[in-house]
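Chain naming follows the written order as A, B, C, D, E and F, and within any one chain the residues start at number 1.
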């Protein structure tokens, strides 16, 4: 399946923090740095997300802000 | 200024494509890979974005989807 | 590939309106009704979107508002 | 009141899962299928959302991704 | 109609900038300050948006970042 | 740091409601009215958000809907 999302960053899950409705997933990128996602706990469970899983962080271009010093 | 956004990825602008209202900014990350942002042309001009500028891609955790093969 | 997005609605493209940076895609759902997406023109071209294509509208649960009369 | 949101899908609430801050609402559409929304618990309470309520799922076009097999 | 969106800010349109697909709407709030919205041109036309119209800027709480100096 | 986000509204925190993963922040604007943000609890803690803090509500233009009576 191809996605219109311009950004698919590959990494490994390094931490999962489940709340009753929302779950925070920390994804360690191949390059230095970590991307944090906040998804429904239901999704985290249906995908069977676990530490060490290879996943993609998928981000639509219209959700990205640009900051400049 | 500190931001609640969990994701701030540093990179350099490698391309800007301005439309009348929306502008697409390609940001080359220090690590391999590129992040694409779609922002208003007004913002691109006020920040004076140009190829080669050091910028940050700022992404709120609730905007990140997770995909797993 | 499995997505954390809770909503994947199947339909057929019934119209595409390309601007220089943004593109509007109208997707006719199997059930009555149409879903409109606004994506980058770059994405529309890379996916080769054309009228009649079977596609999915993918929507993260945190992007859905609820309205009640 | 008219909304700029391009997508207003009518349905009935078939399930509500309240967390302390976030609430997940499952909306059964008139056509087969369900749309999931993640909203604040405060909003769910102010609107008095209950199973069986007729509601609309409101989605801005810029929040919809397109996927193609 | 009641909305789950936590933020509805009332103001008057002080400027509209239509592109082929996206339109930028500047809304002057009752209090000092302006809120900018980027919506589809189609929506701007269907709502018949014009300078001076009273409108609401509607923002879901999960779309708001917090910054602190 | 300059942000591409078109909307930065200054105010004071008047309430914080922390859940295990998500946190709701109520920001009283200088003008009458309050803006609500839903952010990760992790962000709320790293920024040390407390009642009375001066903060900015930062909102990307593409996240703002327009409603008209």
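Rule of thumb we're sticking to: a residue touches a chain if its C-beta (ideal position, glycine included) is under 8 Å from a C-beta of that chain, and two chains touch if they have at least 3 such contacts.
The shown structure was predicted, so the numbers you read here are calculated from the model rather than taken from an experiment.
Student: Keeping to the contact definition above, tell me which chains border both subunit C and subunit F.
Tutor: A, B, D, E
Student: In terms of residue-numbered contact pairs, which of D-E, A-F or B-F coincides with B-C for over half of them?
Tutor: Matching pair: A-F.
Student: So which one's got more C-beta contacts, B-F or C-D?
Tutor: Most C-beta pairs in contact, of the two: C-D.
Student: Suppose each chain is reduced to the average of its Cα coordinates; what separation in Å results between subunit A and subunit C?
Tutor: Distance between chain centres, rounded to whole Å: 21 Å.
Student: How many angstrom between the C-alpha centroids of subunit D and subunit A?
Tutor: Chain centres of subunit A and subunit D, defined by C-alpha means, are spaced 22 Å apart.
Student: Where the CA atoms of subunit E average out and where those of subunit F average out, how many Å apart are those spots?
Tutor: Roughly 17 Å, centre to centre.
Student: I need the residues of subunit F touching at least two other chains; which ones are they?
Tutor: Residues 1-6, 19-22, 24, 36-40, 42-44, 47, 56, 58, 60-63, 65-69 of subunit F touch two or more partner chains.
Student: Sort out for me which residues of subunit A touch subunit B in the complex.
Tutor: 3, 5-9, 24-25, 27, 29-33, 35-39, 43-44, 47-49, 53-69
Student: Mind listing the subunit A positions that touch subunit D in their complex?
Tutor: Its residues touching subunit D are 1-5, 19-22, 40, 42, 58, 60, 62.
Student: Which residues, counting only subunit E, touch subunit B once they are in their complex?
Tutor: Listed in rising order, the residues of subunit E that touch subunit B are 17-24, 36, 38, 62-63, 65-69.
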